[in-house]
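In what follows, chain A forms one complex with chain B and a second complex with chain C.
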Partner chain A sequence: MVNLTIDGKQITVSRTATIYEAALEAGINIPVLCYAKKLLPFGACRICLVQVEQMKGRLIPSCTTPVSEGMVVTTMSDEILKVRKTVLEFLLVNHVIECPVCDKGGECDLQELTYAHEVVTNRFQGEKFNLETDEVNPLIERNMNRCVLCGRCVRVCDEVVGYGSYSFINRGFETKIATAFDRGLNCEFCGQCVSMCPVGAILPRPFKFKARPWQLKEVDTVCGYCGNGCTVSLGVLDKKIETIRFNDKIGVNDGNLCIRGRFGYSYVNSEERLTTPLVRKNGQLVEASWDEALQVVADGFKQAQASLGILSGARLTNEELFLLKNLAKVAGTANLDHSGGECYKGVTEGLAGSLGIAASTGTFPQVEECEAILAIRSDFYETHPVFGMVVNQAVKRNEAQLWLVADKRGKFAKLPGAQNLLHRPGMELDVLNGLARVLLDEGLAQTEGVEGLAELKQALAEFGADQVATRTGVDAETLRVAARQLAAAKKSAILLAYGLPYTAYSRELGIAAANLAILVGIPGRAGSGLYLCGEKANSQGAIDLGIVPQTGGLGAQAMLDAAANGKLNALYVVGEDLLISYPDRGKVEKALEKVPFLVVQDIFLSSTAAKAHVVLPAASFAEKDGTFTNAERRIQRVRPGIPLPGQAKTDGTIIAALIEKLSGNLAFTGPAAIFAEIGRSVPAYATVSFNGIGPQGFVWGGEILTPSRRRLQPVGGAVPVEGTFQLLTGSALYHSGTVSTRAKGPQAVVAEAYVEFGREDAKALQLKDGDLVKVTGNGVELRLKAKVDNRLPKGVLFAPYHFAAAGINRLYKGEAAVSVTVSK
Partner chain B sequence: MFTAIAKGLGITFKHMLPGHSTTVQYPTVKLKMSARFRGLHRLVPTQDREKCVACYLCPTVCPAKCITVEAAENDKGEKYPRIYKIDLLRCIFCGYCVEACPVEALEMTDAYELANYRREDFEFTKERLLK
Partner chain C sequence: MSEAVETTVAEEEIDLAGANEILDHYVGMPGALMPVLQAIQEHYGYIPEPCVHLTAERLNVYCSQIYGVLTFYAQFHLEPRGKYIVRVCKGTACHVRGANRIGDTLQERLGIGHAETTADLKFTAEYVACIGACGMAPVIMVNDATYGSLTVQKMNEVIDKYVSMD
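Right, the complex of A and B next:
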C-alpha cells in the first residue's frame, strides 16, 4: 500500500493504482476522455492532467502515472483548468459540431467536458474533416469526423475482444482510426467499440435516430441468450426496447457484450410474437380465450396422467422452473426434463459422480488471473463469447498459457502463445484421457484423498501419449508439455461448454474433464476452476432445481422415443423448438406427429408449435420478473422492461394457472415468495433472499465451490469417425439457440445456414464462398451454401445448427461428427 | 395645488381628443405586434426540407409537454422529423422551444388569432407549421 495526498486528502491505495484511480477512490473526480476502467492506461487525451509536488515544472497525466509514496497531488488549479480548456479547444479544432443530429448528444463525454469547462470559443482554427462514414456493415456506423483519437475502440478490440479490427493510421493531423486497408468494418460485431466510444464516432446502426439518451428508461436485467449471464440494460422507449445500453456498474460481464446481447434484442419487439392462445379445431389452429385453452390443456393432462411428458426450455426463470416441477407433481408424471436433451449429463451425472456437485467450481473473473487454461472445444468462444473475452484478457494481459483441445482452429487458437491440440473430429475424450495418463505416468498428478485411482489407471491403459497421438492426430510431445504445464500452474482453469449441438459423449467428457481437474488439483483450490458451462441463460438453474427425469421418469430423448412409438399420451413443450434444435429431426417429427396431445408454450409460432394441439403465448426474458442462474452459479435478477404483447402471459403465470386447474390450489404467489419456496427444496438457494440478490448477483456455494468428494471415474475413448469428410455441427458466434434467427442484428450478419470448408478442401473441391453444395450423410441429402474459411483442417466441415430451413438435424443425429460426402 | 390638478386633468382630457386613443376597433383594425411577440409557431423551411433536424431539444425543454417529435433518416441519410406536432391547447407560449433550438428551425410568429371550433384543429402538424 502507498500513502499519498490528493487535494489535501490523505489516502492509502494499492501500489498498482494510478493517480486517477487513487483520486477516484478518495471521491475526487478528475475529468477523463481516453481512460476506461477495463482497459490498460493509454494517456491519449491529456484531459486528466494534474500537478504533482514532486514533479514540478510540468503537468502529469493522472491516468497513466502510478502512485508513489508521499506524493502530493493537486487536481484543480487555475493553471490546470487553463490547460484542460486548451486541450478541449485543440480537440474541437477538427471535431465537427453536429450535436443536434448526433445520437451521442446528451451522453457524450466531449460534450459534457466542453460544457463543464465553458469552452465557448476556440482560439485555434483548423480544417474539419469530411471523411466518408463507414456504413458497409449493418450494425456499427463509424463517423471518423467525430473521432477524438482516444483509442478506446482500438484498445477494447485488441485487449478484450482479441479481434484487432482497428488501428491508428497516418500521422499528425491526418491520423485516424481505420480498419485493415481502410475497407470498412467486417468483424464479429460484438459492438464493444460502440460501448467504449466517448463521442459519437462509433454508433449502433439499429438505434440510429431512434431516441435521445435521456428519453430512454433503463432496465437492468440479464441477457436471455447464453449461460454467461451478462447484465444488459434495456433502453426502453414507449414500451419498446430500442437499444441495449452500456452498463459496467453491475453484473459479472464488466460491460462486455457479444453481438447477441448487444444487437440481438429485436426479436422481443417482433410483429410475429404470439399474442393469443391457439387451439386446434378441425385441424386448424384457431384463436381461443385463455379459459378455453387452459381448460383443454388441463383436460388433456388429466387424461394423460403419468403418460404426460414435460420438456422445458432452459430460458425460463428459476421460479418458473420450480412451478413447472410442481406441475409435474400435480399432474402425476415423472417424465420431466429440460431442453438440454441429454447433453448436460456431463454435469448432472459426470461431474456429480466425480465431485459430488453439479456445477462449475469457480467464477468467471477468477479466470483472468489463471496461469494455465485448458479450453475443451474451440467452440467455447462461440457459445460463451463474453467468458471468452475473460480468457482473452487472461492470455493477453496476464500471459496465461492457453491450451485448446479442439477440432478446428477457432478464435482462441489465434491468441498469442495459444497451443492447439488439434485432433480429429469427435476425439476430445481421447485427448483428455491422454493428458490424464501423462500426469499419472510422470508422477505429476495430485492423488491425495482421491478415490478410484487404480480403476482410472487401468482404464487409461490404452491412452499413452503416443497411442493417443496416432488415434487423434495430436502431437505426442505437445500433449506431454500441456499436461506438465497444467500440473505446474498454481491457478488453472478447465473450460467445457455443453449444449444441444454437443450431445455426443457428453457424460464421458464431463467425467474426463473432472478426472483431469482432480489430477491437476483444480477442484476447491483458490483461483482455479472447472467450468462446465450451459448453453442457455438458465441451464444451470434447471440443473440446480432438478428439472431432470424424476424417479422412474423418462428423459428428453426417451420421451421422444416413447412418443414416436405411440407410448406417450401427451407432451408439454415449454420454450423450445424441438424440431429445429434437437438432434435427429426425423425422430422428433415422428414423435410430434404420433403424440395424441401436444401443448407448446412459446413466444413464436415455431415449427414445433405449428404441430401442437394447443399453443400458449408466453413471455420473453424482457417481460419477466425472476432470477436466472448463470454457468458460474451466479443467481441474478431478471426484471421486466416492457409489457407483454396482446394477451400473452409469462410462463410462470401460465404454469401456475395450469396447476390451479389441476389441483385447485393457488400456485403463483409472486417471484419473491416462490424463490423463498425454492430455498426449501434446494438448500443452496436458501442462502439468499429474492430481494437480497445484489447488483453483482449472488454466487451460491461461494467463489470456490468445494467438492464433496474427489472420485476418479474410469472412462473410455471415443469411436473415431471414418470417411474423407466429417461434418461437425455446433453453435455459430452470431447466434444462440433458434430464437436469435428471429432477431434482426444476428440475422443481418449471418442470415442463413451454411457449411464451412477449410481452404484446402475448398481448393480440392473447387468451391468458392456462396456455392451451393450437396452434403450427404446418414442417408440424408442437404443442399447448403458453402463458406470458405481457414478455421477447419482438411476433411472437416462445420455447419451451425440454428437455422430451421437448413435442416442440419435431419443429418445430425447426436453423433460427435457425421461422415458425409460432398458434391457440387 | 390647483395647478397640479389642472395639469393632471389636462393629461386626461388630452387623451379624449381624437387621435390620442390606444383602443383600436378590433377586428376591423389590428395592431402590429412587436417583433418579440410569442404567437403561433412556425417551422422554418429550407429549399427542399424543413430546417429542423429532430434533435428533440424542444420536446425536452417544453414545460407543457405539447411537442411531439419523431426522428427518421431520409434518402440522403440526414436526420429529419418524420413527425412534428404541437398541441396548441396545451402550449403556454413560453417560447422555450425557440430558445432551445440549436439550428433556428423554429420561430414564433405574430399570429394570435388561434380560436377554432374543433379540438383536432388545434393540433398543428409539420405541414401546417411549415406554412
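Right, the complex of A and C next:
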C-alpha cells in the first residue's frame, strides 16, 4: 500500500493504482475523456492533468501516473483549470458542433466537460474535417468528424473483444481512427466501441433519432439469449425498447455485450409477435379467447393424462419452470424435458456423477486470473461471446496460457500464445482422455481422495498420447505439454459449452472434462473452475429445477419417438421451435404429425406452432418478472421493461392458469412467492430471497462450489467419422437459437444459412463466397450458399443451425459430425 | 464477415510466394512487422493488399494495425509505383536555383505530379526535401542515380534517357 495526499486528504491505496484511481477512491473526481475503467491507461486526452508537488514544472496526467509514497497531489488550481480549458478549446477546433442533432447530446462527455468548464469561446481556429460518415453496415454509424481521438474504441476492440477493427491511421493533423484500408466497418458488431465512445462519433444506427437519452426509462434486466447472463439495461420510450443502454455498474458483464445482447432486442417489438390465442378449427388456426383456448388445452391434457409430454425451452424464468414442473405433476405425467433432452447430460449425468453437482464450479471473473485455460470446442466464443471476452482478457492482459480442444481455428486460436489441439471432427473425447492419460503416466495427477482411479487407468489403456495422436490428428508432444501445463497451473479453468447443436457425446464429454478437472485438482480449488455453460439464458435454471424426465417418464427424444409411433396422446411445447432447432427434423415432423393433440406456447407463430392444435401467445424476456440462473450459477433478476403485446400473457401466468383449470387450486402467487416455494424443493435456492437478490445477482453455492465427491468415471473414445467431408453444425456468433432470426440486428449481419469451407477445400472445389453448393449426407440433400474463410481445416464443413429454411437438422441427427458429399 | 472479404481480396492476382518467403524468416520473432513490411515493399515495389492480409494472418497482427503503420510512415506505399522513382529535390538550395522549373518539366513531359505514377508504371514522381547534394543544386535522383546542376534542357535529356530505357 502507498500513502499519498490528494487535495489535502490523506489516502492509502494499492501500489498499482494511478493518481486518478486513488482520487476516485477518495471521492475526488478528476475529469477524463480517454480513460475507461475496463481499459489500460492511455493518456491521450490530457484533460485529467493534475499538479504533483514532487514533479514540479509540468502538469501530470493523473490517469497514467502511478501513485508513489508521500506524493502530494492537487487536482484543481487556476493553472490546471486554464490548461483544461485550453485542451477543450483544442478539441473543439476540429470537433464539429452538431449537438442538436447528435444522438449523443445529453450524455456526451465532451459536451459536459465543455459546459462544466464554461468554454464559451475558442481562441483557436482551424479546419473542421469533412469526412464521410461510415454507414455501410446497418448497426454502427461512425462519424469521424466528431472523433476526439481518445482511442477508446481502438483499445476496447483490441483489449476486450480481441477483434482489432480499428487503428489510428495517418499522422499529425491527419490522424484519424479507421479500419484496415479505411473501409466501412465490417466486424462482429458487438458494439463495444459504441458503448465506449465518449462523444457522438460511434453510434448505434437502430437508435438514430429515436429518443433523447434523458427521455428513456432504463430497466435493468438479464439478456434473454445465452447462458452468459449479461445485464442489459433496456432503454424504453413509449412502451417500446428503443435501445440497450450502457451499464457497467451491475451484473457480470462489466458493460460488455455481444451483437445479440446489444442489437438483438428488436424481435421483442416485432409486428409478428403472437397477440391472441389460436385454436385449430376445421384445419385452420383461428383466433380464440383465453377462456376457450385454455379450456381446450385443459380438456386435452385431462384426456391424455400420463400420455402427455411436456417439452420446454430454457428461456423461461425459474418461477415459470417451477410452475411447469407442477403442471406436469397436476396433469399426472412424468414426461417432462427441455432443450432436446440430450445436450445437457454433460452436466446432469457427467458432472453430477463425477462431482455430485450439476453445475459449473466457479464464476466467470475468476477465469480472468487463471494461469491456464482449456477451452473445449472453439465455438465457445460463439456460444457465450461475453465469457469469451473474459478469456480474451485473461490471455491478453494476464498472460494465461490458452489451450483449445477444437475442430476449427476459431477466434480463440488467434489469441497470443494460444495452442490449438486441432483434432478431427467429433474426437474431443479422445483428446481429453489422452490428456488424462498423460497426467496419470507422468505422475502429475492429483489422486488423493479420488475414487475410481483403477477403473479409469484401465479404461485409458488405449489412450496413450501416440495412439490419441493417430486417431485425432493432434500432435502427441503438444498433448503432453498441454497436460503438464494444466497440471502445473495453480489456477486453471476448463470450459465446455453445451446446447442443442452439440448433443453428441454430451454425457461422455461432461465426464471426460470432469475427469480431467479432478486430475489437475480443479474442483473446489480457489480461483480454478470447471465451467459447463448452457446455451440458453436459463439453461442452468432448468437443470437446477429438474426440468428433466421425472421418475418413469420419457425424455425429449423418447417422447418424440413415442409420438411418432402413435404412443403419445398430447404434446405441450413451451418456448421451443422443435422443428428447426432439434436434431433430426424428419423425426420431429413425424412426431408432430402423429401426436393427436399439440399445444405450442411461444412468442411467434414458429414452424412448430404452425402445426399445433392450440397456440398460446407468451411473453419475451423483456416482459417478464422473475429470475434466470446463468452458467456460473448466478441467480439474477429479470424485470419487465415493456407491457405484453395484445392479449399475450407471460408463460408463468399461462401455466398457472392451466394448473388452476386442472386442479382447481390457485397457482400463480407472484414471482417472489414462487421463488420462495422453489427453495423448498431446491435447497440451493433457499439461501436467498427474491428481494434479496442484489445487483450482482446471487451465486448459489458460492464463488467456488465444493464437490461432494471426486469420482473418476471411465469413458470411451469417439467413433471417428468417415468420409472426405465432414459437416459440423453449431452456433454462429451472430445468432442464438432461433429467436435471433427474428431480430433485425443479427439478421442484418447474417441473414441466411450458409455452409462454411476452409480455403483449401474451397480452392480444390473451385468455390467462392456465395456459390450455391449441394451438400448431401444421411440421405438428405441440402442446397446452401458457400462461405469461404480460414477457420476450417481440410475436409471440415460448418453450417449454423439457426435458420429454418436451410433445414440443417434434416441432415444433422445429433451426430458429432455428419459425413457428407459436396458438389456444385 | 470480414474474413469473407479478406478471402476475396486475397484472391487478387498477386503471387504471394515472395511474401511468404519473407514471412518464413520472421514468424514468431517479436517486433517483426517493420522489417517484414520493408522487405515486402522491396520485393513488390509497394505493399499489395493481399500481402497485408497475409502478414496479418501469419504474424497474428490485426490488419487495421498494419494499415496504421503503413499510413504513418511515408516510406510505405500501398499503390504500385513506377520502375523509375524520380525524386525532385525541393530543398532550399534547389528551390532558389530553380527546382520548380525542374518539377514542372517533369510534370509536362510525363504528366505526373508529386506521388503520382504514370499509367504504364514506368515513372513515379516524388518531391522531396533536401537530399543532401546542395552543391549540385538543382538536383534530382532517379532510383539510385543522382543528376545535378540541372537545367530544363538537361532535365529533358535525363527524361529522354529513361523513356528510351525498358
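Descriptive notes on the structure:
FYI, the second predicted complex is superposed on the first by the 823 of 824 C-alpha atoms of A that agree within 3 Å, B and C clash if a C-alpha of one lies under 4 Å from a C-alpha of the other, contacts with A are read in each partner's own complex, and residues count from 1 in each chain.
Convention: a residue touches a chain if its C-beta (ideal position, glycine included) is under 8 Å from a C-beta of that chain, and two chains touch if they have at least 3 such contacts.
Everything quoted here is computed from the prediction, not taken from an experiment.
Once chain A of one complex is fitted onto chain A of the other, the partner contacts of A:Asp158 are limited to chain C, with no touch recorded for chain B. Once the two complexes are overlaid on the shared chain, A:Asn170 sits against chain C while remaining clear of chain B. By the document's definition of touching, of the two partners only chain B reaches A:Lys210; chain C does not. Of the two partner chains placed by the overlay, only chain B lies in contact with A:Cys99; chain C stays clear of it. Between chain B and chain C, more residues of chain A are touched by C. Put simply, chain A uses no single residue to touch chain B in one complex and chain C in the other. The touching residues of chain A, when paired with chain C in their complex, are 158, 163-171, 178-182, 186-187, 414, 416, 749-750, 759, 762, 768-769, 787-791. Residues 1-8, 11, 49, 52, 56-57, 60, 62-68, 71-72 of chain C touch chain A in their complex.
Every residue of chain B that touches chain A in the complex is listed here, in rising order: 53-57, 60, 71-73, 77-79, 102-103. Interface residues of chain A facing chain B in the complex, by the touch rule stated above, are 99-101, 105, 133, 208-212, 214-215.
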